[in-house]
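Before anything else, here is the set of structures, which you'll find just below.
You will see two complexes here that share chain A, one where it goes with chain B and one where it goes with chain C.
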Partner chain A sequence: MIISGNYKLLQGRSLNTVIQIQNLRKKFNTKIKSSGFAAAVKSLFNPQYQTTHAVDDISFSVERGEVLAFIGPNGAGKSTTIKIITGIMYSDSGNVKVLGMDPHRQRKQLAYRIGTIFGQKSQLWFHLPPVDSFYLLADIYDLDRNRAKKRINFLTEVFQIGSYLKVPVRKLSLGERIRCEIAASLIHEPEILFLDEPTIGLDVIVKQRIRNLIKTINSEDKTTIFLTSHDTGDISSICRRAIVINHGQIVWDDTVNKMKYSFFKKKTVDLRLQSPLQLEMDGVKILKTKNSSAKLEINLDLVDLTAVFDRIMQTNQIKDMTVSNPPLDEVISLIYSKDKR
Partner chain B sequence: MKSFLTAIVKAFKLFISYQKTNLSAGMEYRAAFFTQVFAMILNNSAFIIFWMILFDRVGTIEGYDFQAVMFLWALAAVGFGIAAVFFGNSTYLSRIIYNGELDVYLLHPKPVLPNLLMSRTHVSGWGDLSYGIILFLFTQDTSISHLFLFGIFSLLFALILVSLRVMYHSITFFMGNAEELAARSSDAIISFTLYPGTLFKGPVLLVLHTLIPAAFAAWIPYEIIKNFDLTKLLLLIGADFVIASIAYGVFHLGLRSYESGNRMGARL
Partner chain C sequence: MKYLRIFTISIREQIAYLPVMLLRNIFFIIIFYIFYSLWSAIYQDRETIEGFTIIQMIWYLTFAEAIELSRCGVMNQIQEEIKDGSVVYGLARPYYYVIFKISRGMGESMVRCLPVLILGYAFAYIFVGPLDGYFTALPFALILLIGGLLLNVLWQINIGLLSFWFEEVGPFYWILTKMVFIMGGLFFPIDLFPGWLAGIAKYLPFAFSAYWPARTMVQFNQDIFLTGFLGLIIYASGLLLCSTVIFEIARKRVHVQGG
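For the complex of A and B:
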């Protein structure tokens, strides 16, 4: 069940579709075994398998230049979907077109036009400086020396990695390494960049820097960004659209803003008043009061914000107030839990 | 034809680039690099003394004399060295498959298997390579024709060794982990090729022409270099390419059931 309406149906289909997925399915047969030596022997002669539907009939499309968050809990089918889209894995059925190509039959041609960063798999040679890996990648992507040099200079400037370009990767901090990883994935000027957990393990400052870089790539090179992340900060600061996948199915496909607004029918209001709050009203829950400050939770299904403020202002004066949406973490948790089977 | 030539040039360029990168990575630890190379030369040299003493006492073994056995040793060392230096990942294929590390190579715009095989070097392979060449120069006929044939046979030895590893490691796609099987088959072909082929008879000989094709790797080349026969040479090249094609086919069949993985990793 898709909780929101299909984003593409709302937006209208464009000729600039770069990823088109229809009825994609992939299942795995996993060997299962009870614990203990006896079970291990039994499993040797009579193995038992369990079928997991990692991707179960999903369809969506992505437009050129979009910044899409593709999210879901662990084991939801995100990585499997990305691996099918990028040509790493075969699907069982369904139709996949990336930049008009079949990722399996045209894997090599497609590889020239897409870039990937899998947080846990490095493209950089551990004992060598990043610049050596950059030139090797330039050869892998058949870039001539001049073009490679220009591109590496450009990326060095944009990513501000000049100071450690010649330092062996093993001596770089995680943040420095990730910046080099992203630069490495952009050597061949890909049209779509797949990022799987690019900010995992980074501190807040480096995370923000990486997010800004991703935004820069999107705005300057018009690179389509396909991002998976468990970090809601990545999603809210980079992505305009989110697809949520759970149990191999799409459970949400719409804008990140709409996700925030339409999912939670509750707002949190912090007030600073002239005098202590006296209020009893359906749909309003007083979370906290202290002197003339108060924190309320307002259920928008039962009452309008304006009605609440009008009622307060009949007997009091509002000096300051903050109306906030619930954190994205909570929204996403709610989407996951609604889909629990 | 032009696009074929372009593809060959590009493949060669990438091959050189991988070699440069691997050598640079190896040279990061210069002391370890030279220690490994010289340790391998010393290790291999120790066996020469054993064979010298043996042949000093027995003269010949089933038609093989000291020089013939040294030919086998030189061929195996150079063939093994070529496989180790230029196709180093052939020994790690199972691990690469079950750890999901094939992803990196599948995302490159290159044929997966050659790209994967040549992306790693075993530094010690330079030791084997140097040792084999020196051994050949000191113990064999160094006429141009023999040098030329030795070069061809060394490349074919490496082709068979790498193909055998690819074939057995690819069983990992279907069975989960065939690392030991592949390692033992690789050890077996090396071990058998170091002994006179005429020692083996019956069913063992059949195994050594099929599952562990030591005959194609070393003994038939020895027969050809001893008494040159063009037909035999062409048949040998044909047989070697059949073995390589089977390995390539098994790998690509397995690739269809590749399940990738999420293990953390770095390129070393």
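For the complex of A and C:
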């Protein structure tokens, strides 16, 4: 069941579709190993397999220039889907078109038009400066020398990596290296960039810098960003749209904002009052009180915010107040848990 | 062009290890001195053994050892990439994995080989004197030496790719290196074997990783070089074909079953 959907209608604009997936399925057969010697011998002659539906009938499309979060718990089917989209793996059934190509049959042609960064797996040569890896990648993607030089200059400026472009990679900090990794994946001007956990292990300042860079390349190059991350900060600050996948099925496909607002029917309210709070009301849970301050959780399905404030103001005076949405990771956890089978 | 760039960048990366490599060559000097002492004792009461003088024997060893001590680490790289799954990400790039690994392995091997060759030259020159016809034979022997390095890289790729099916492939490589030690003529020329065994061993693939390049160096003539060259072409083509087949089977497995 998809909780929300038809994102394209919500956007209200028509762009080029760069990824089109229909009814995609992929299952794996895993050999079961029982414990004990007899079972081990038996499994040699009569192996038993367990079928896992890694991707189970998913459909979605991505438009050119979109910044999409593709998220889900471990083992949900994210990596399998990405491997199928990038042509690394075959699907069992369904249609996949990426930039108008069949990734399975046109893997090499597609490779020239997409970029990938997979977690902490480096594409830079450890003992050499990043610029050497950049020129190697330019050769791998068949860029001529002039074009490569221009592109590297452009990326050096955008990513502000000029000061350590000629420093061996082993001497760079993790943040500096990740900036170079992302720049490296953009040498051939890919139309779609697949980013898998690009900010893992980085401190908050570097994370923010990387997020800004991703936004910059999306706006400067019009590169479509397909982001996989467990870091909700990445999702909320970079992506407009999120697809949540769990047990191989899409359980959410809509804007990140809507995810926050429509999914959680509870608000948290911090109050500073004239005198200590005295309140008993359906749908209102007092989380904490201290002197004349209080923290409430209000269930919007049961009571209106204004009704709660009216009731408080009948006997008290509100000096200050903050109404907050739940943090995004709570929302995502809730989506995951609602889908538990 | 892209593979040439991989080769040159691999050379540059290896140069970063140069101090470590030079230290490693201390080991070369030690084993070389042991062999020199051993052969000096054997040659005490004779001029030649199976047509080799002591000068030829020592120069032979320096050349054969140069190939052996220039082994690259491409098998371990492949094994690691298969174990941690990163091999699949190479499939999303426009290059052929096997050729990429050959280029990288050859770059590594060439850099490792050069200091051993120089050191071997110095050692042999100091201990037994110059080798007649050294500079005439050198270009031909270098072709076979590079071929020997290529064979080693191809063996490593083939064995490394077996990691798709086997948890640990080190033992396969261990057996291979021992075959090169014994049957490939690494420690002494194959001609010293009994006639029937030498006849077989000379045409096994292991001989083209040590014996033929080293013999071309010390007893150069056109026939020896051409035999070495022909065998090299046949075995290198066979190993390349084999690695391509293994990789394609493994790739299908990745395509179907995942990384």
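The working rule: the second predicted complex is superposed on the first by the 318 of 341 C-alpha atoms of A that agree within 3 Å, B and C clash if a C-alpha of one lies under 4 Å from a C-alpha of the other, contacts with A are read in each partner's own complex, and residues count from 1 in each chain.
Methods note: contacts are C-beta pairs under 8 Å (C-beta built on N, C-alpha and C of every residue); 3 or more make two chains touch, one makes a residue touch a chain.
The model shown is predicted, which means the values in this text are computed figures rather than measured ones.
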For A:Ala307, using the defined touch cut-off, is the partner it touches chain B, chain C, both, or neither? Pick first, second, both or neither. neither
Quick check on the superposed pair: does A:Thr116 touch chain B, chain C, both, or neither? Answer first, second, both or neither. both
With the two complexes superposed on chain A, say which partner A:Arg107 touches: chain B (first), chain C (second), both, or neither. both
Touched partner set for A:Val206, first chain B, second chain C, both or neither: neither
Quick one: is A:Val131 in contact with chain B, with chain C, with both, or with neither? Answer first, second, both or neither. neither
Partner chain in contact with A:Tyr90 - chain B first, chain C second, else both or neither: both
On chain A, positions contacted by chain B and by chain C: 28, 79, 83, 86-90, 107-108, 111-112, 114, 116, 118, 121, 125-128, 132-133, 135-136, 139-142, 168
So in the complex, the part of chain C that touches chain A is made up of which residues? 1-2, 5-6, 9, 12-13, 16-17, 86, 88-89, 91-95, 254-259
Could you please specify the touching residues of chain B with respect to chain A in the complex? 10, 13-14, 17-18, 21, 24-25, 28-29, 101-104, 106-111, 115, 256-260, 262-268
For the complex, which residues does chain A have touching chain B? 28, 79, 83, 86-90, 107-109, 111-112, 114, 116, 118, 120-128, 132-133, 135-136, 139-142, 168-169
Chain A residues within the chain C interface of the complex: 28-29, 54, 79-80, 83, 86-90, 104, 107-108, 111-112, 114, 116, 118, 121, 125-128, 132-133, 135-136, 139-142, 168
